[in-house]
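Down below are the structures I want you to see.
Heads up, the next two complexes both have subunit A, just with different partners, subunit B and then subunit C.
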Partner chain A sequence: MQKIVDNHPLKAFNGLTLAIENAINAFMTSKYNPFYYHGALPQYYLWVLYLSGLLLFAYYIPTIDNAYNSKLLTNAWTSVDYITKSLPFGGVIRGIHRYAGDAMVITILLHALRVWFTDRYRQYRWLQWVSGIVLAIFVLFIGQTGFYLVWDDRSLLLTRMTASAFESLPVVGPGLKTWFLNGDQITNLTLSNFLFIHIGLSFFLLFGLWIHYLRMTRPVLTPPPAVNYILTALVLVCVFIWPLSSGNMADLNKQPVSFDIDWFFLWPYAMLSQMPVMGYWAVMILGTVAITAAPWLMIPKQPAIETAEVVLNKCTGCSLCYKDCPYQAIEMVPAPAGSRFKLLATVKDFRCSGCGVCVGACAFDAIDLPDLPDAEVNAKIKALLEAKG
Partner chain B sequence: MIKYILSPKGIILLAFAGAVVAVSVLMAWSELGFTGATPDWLTDLTSRIGLHGAIAGFFNSLTPSLGEDLTKYLQGKGVSVNPKSTASLGDYGYILFMGVALTIGGIAIMIIGREDAEEKTVLPVKK
Partner chain C sequence: MSDAKKVITLICERACDLSGIVDDSGSCTEVPGMKVVKFPCSGMIQPLMIENAIKAGADGVVVTGCQIGDCYYREGNRMIRERLLGDRPPTLKKGTDRRRILALWLAKPQRQRFISESKEFIATLNNLATPEAK
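The block that comes next holds the complex of A and B.
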């Protein structure tokens, strides 16, 4: 069970999180408790999104050609309409793609709250926190481009709102607008750009995930099959309960004034419609900076971490501590000249959490926590066992 | 093996397995568009083993009740399909029953794997 420092401001939330997890363990056991796979849950939905998106991509046509507003023309809207109504299982696959995206946002939020409440977002985990924020922003933007691609009334309004919001930014604004629209106005090239962003950034997520997993020795990447079945079932049932449909085909000569909000991806647009555009950017940028800086802003006063120390004359270079360290805080370096062994373990202080896993891994008593020697821990355990009888 | 099957746990697991098979059959019924009108190859195959009447009869018996309810619900939610295409409302029924089957299967696996998940602390015995 995760311990948290006494003076941490989120101690109450930590207790609540652990209480919920323990309650779930009572009937699901720890092996199938989804909270223990909180990082793997969004990733599972990412694979669902890749697969369903591939099937949609095969039939999607990224053009806006609707000069006569005819449904007989081939464009983005009619291709989505064809997928939804005419392609066997097309509507279902589109629904899976949409609701898997929503589920990914929910699981990302749960993942972020869990690591925040259990105090695993700072110090030696700062890289995971910051890369996670960047990944979440990407997921949000990728999801929004998915709404543009449908090319109905809502897509047109969202596109115009985004272009207008970009344009209002000083210095970089006009350039951002041109990049976003792939020109000075909405054309076929705009839809091509949206499709490129939607798919290109999705694959960029894999690179982001690689950074997210750095300094983690054994990240849990996949939930057990039984949990995957339930995760899939949740999406499938949502597709049945709330089947998808599109709005009217976008007409560049008209200006839609309202649209249905998807609160998982489109909440920034709800904000944008309620406040001045510069105020919107101020809230979004300052909010993002504040959340990103949380690991440094919320560090309570606590004693310095006791990092592990290698006992040089005992280390055999066997690499057991290196393999077991959850934070990749141990590096195997060539042993000094004259040593009987080839390698020597060294501790990177800035990554060490002082958890003691390496002490347990070492078979030669060659690594210790300075203020909590292995011999002292063994003596305490022995005393406890003897007291218990 | 027989002893395990006849144990309370074995009986529960058999019930779950039966439920998954039953719901999976409903997936096929959905794919047929909530009817018992099977394609020619399936009609021929099931006729050869003498089960066509039973299977088509079972599917047809569900059509006026469950089939109509599902159709009404989906149409009420705005689902429309191109009558000239092979896409149908049954696509949505298919994934509903698939979702139910996956849920039952997931719960069954959790029950089977429960014992493996329980941590057992074994203290060394002094000799």
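The block that comes next holds the complex of A and C.
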């Protein structure tokens, strides 16, 4: 009857996670423990990024025109320079946009590590894991396009590295490069494309998040306000301690040779600069496949789930289990002809986690876990009380 | 009437770890008179089970789930908490003696807290009048 709980390889990490959270609960209480909102933290930073991004978008000009390399010209670099130095609070908004992005990467990593350590990513949760990987890749790419948009030395180097890395791929390579540069070489249209990718993919994140939340009833989307204030304050502290500045304006006639690595978004470029391009692609693609397949590769396997079963002649169609199921695994269907009731609960086995919340929700004993029926539980309680007088 | 109060603990198997202090018959070795029934999740506990336990002669019932905010199955401990508070159906029947029910939300490492809270609970039970014989 009792299933094994701790049979996954990360048992020690699970204990560590719980111990850390327990320590945080001691002074923050479980209501404000940020670890209990680990999925909502990046979601909060996404809203911050949308808002600060909207303000930057109002002043950003996506062109590279620098024929005379004059700062009087209007182009991407000078518009960013204007935002940073002349616009009231422009530098702060830019800083918020950058550091909220970094914070989003950190919180996504925490989120992923926590679900991994506590073994909450497999079986009936595979869709969340796989969609999460896709979302993380998009976040990384969106962040990188943000670094191209500034259009300083580093942007130029990154753009050239990306274009040549794409080009080296067989079959799809030349097409990808043309798509990426919006033509055969770097022109004004290239930056339009970067801006489109940066903003367009950001909105695609919402579609991805819809899939990410799809199988969860009442997903936790917002941390409590007090946690939001802390998250915002952390970003603002970074903005004022490390104010942002651009490098020199990009010059298409020069090839920058080195750049500062931003370890949140630009680590793939650090790898790319250290290894042959095909090796880089091999590592990236195989790594992604391996992480995506983690729910099926991890050993030892979880025991098969005993999904809940509806007792057909007892179900009254009251919908309580349907409302309480945390995984949207119960569907109310029209009751068969001749039934006294209008609806009947049915279990979608592929979504069911076997947690038994539906059993707790049922006032009619009409739903059971096959390996632990509630009649058995009640009998056990009675037997325990009768033992030893 | 025996001295030790009879207490049933309905506990999530992922909540505070009692593996060392519960014997095969379900008795807790650290807290005299306590019997333990494990569930895959505290969300599975029906208010009816608590009522049945009291009807069958339990002096008290301890419901234990993980820390609120942390549930392996997302919402199980919140569900039973709301049911006990009467905010989510099915709830406890009106006549149920709520002084005999204790809810604890404890993470895996909090065994000592479980023992001390249960002992304190049993002490308060000792001060209550015995329920009418059924």
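Basically, the second predicted complex is superposed on the first by the 369 of 389 C-alpha atoms of A that agree within 3 Å, B and C clash if a C-alpha of one lies under 4 Å from a C-alpha of the other, contacts with A are read in each partner's own complex, and residues count from 1 in each chain.
The definition used in the following text is that a contact is a pair of C-beta atoms (placed from the backbone, for glycine too) under 8 Å apart; a residue touches a chain by one contact, two chains touch by 3 or more.
A quick note: this is a predicted structure, and the numbers were derived from the prediction, not measured.
Enquirer: More residues of subunit A are touched by which chain, subunit B or subunit C?
Expert: More residues of subunit A are touched by C.
Enquirer: Could you say whether A:T118 touches subunit B, subunit C, both of them, or neither, answering first, second, both or neither?
Expert: After superposing on A, A:T118 lies in contact with subunit C but is clear of subunit B.
Enquirer: In the overlaid three-chain picture, which partner chain does A:I133 touch, first (subunit B) or second (subunit C), both, or neither?
Expert: A:I133 contacts neither subunit B nor subunit C.
Enquirer: Of the two partner chains, subunit B (first) and subunit C (second), which one does A:W242 touch, if any: first, second, both, or neither?
Expert: Touch status of A:W242: first partner only.
Enquirer: After superposition on the shared chain, which partner residues are touched by A:L385: those of subunit B (first), subunit C (second), both, or neither?
Expert: A:L385 sits against subunit B and subunit C alike.
Enquirer: So, A:K31: does it touch subunit B (first), subunit C (second), both, or neither?
Expert: both
Enquirer: Does subunit B (first) or subunit C (second) touch A:L169, or do both, or does neither?
Expert: Touch status of A:L169: no partner.
Enquirer: So in the superposed three-chain picture, is A:K85 touching just subunit B, just subunit C, both, or none of them (first/second/both/neither)?
Expert: first
Enquirer: Identify the partner contact of A:V357: answer first if only subunit B is touched, second if only subunit C is, both if each is, neither if none is.
Expert: second
Enquirer: Please identify the positions on subunit A that touch both subunit B and subunit C, taking each partner from its own complex.
Expert: Shared contact residues on subunit A: 30-31, 385.
Enquirer: Write out the stretch or stretches of subunit A touching subunit C in their complex.
Expert: Contact set of subunit A toward subunit C: 2-3, 5, 15, 18-19, 21-22, 25, 30-31, 33, 35-36, 118, 120, 216-218, 320, 324, 326-327, 353-357, 359-363, 369, 372, 374, 377-378, 380-382, 384-387, 389.
Enquirer: Would you pull the subunit A residues touching subunit B in the complex into a rising list?
Expert: So the residues of subunit A touching subunit B come out as 28-32, 85-92, 96, 224-230, 232-237, 239-240, 242-243, 245, 385.
Enquirer: Give every residue of subunit B touching subunit A within the complex, in rising order.
Expert: Interface residues on the subunit B side: 74, 77-82, 84-87, 91-96, 98-100, 102-103, 105-107, 109-110, 113-114, 116-119, 123.
Enquirer: Quick check: in the complex, which residue numbers of subunit C touch subunit A?
Expert: So the residues of subunit C touching subunit A come out as 2, 6, 8, 13-14, 25-26, 35, 37-41, 43-46, 48-49, 52-53, 56-58, 67-70, 72-76, 79-80, 83, 88-90, 105, 107-110.
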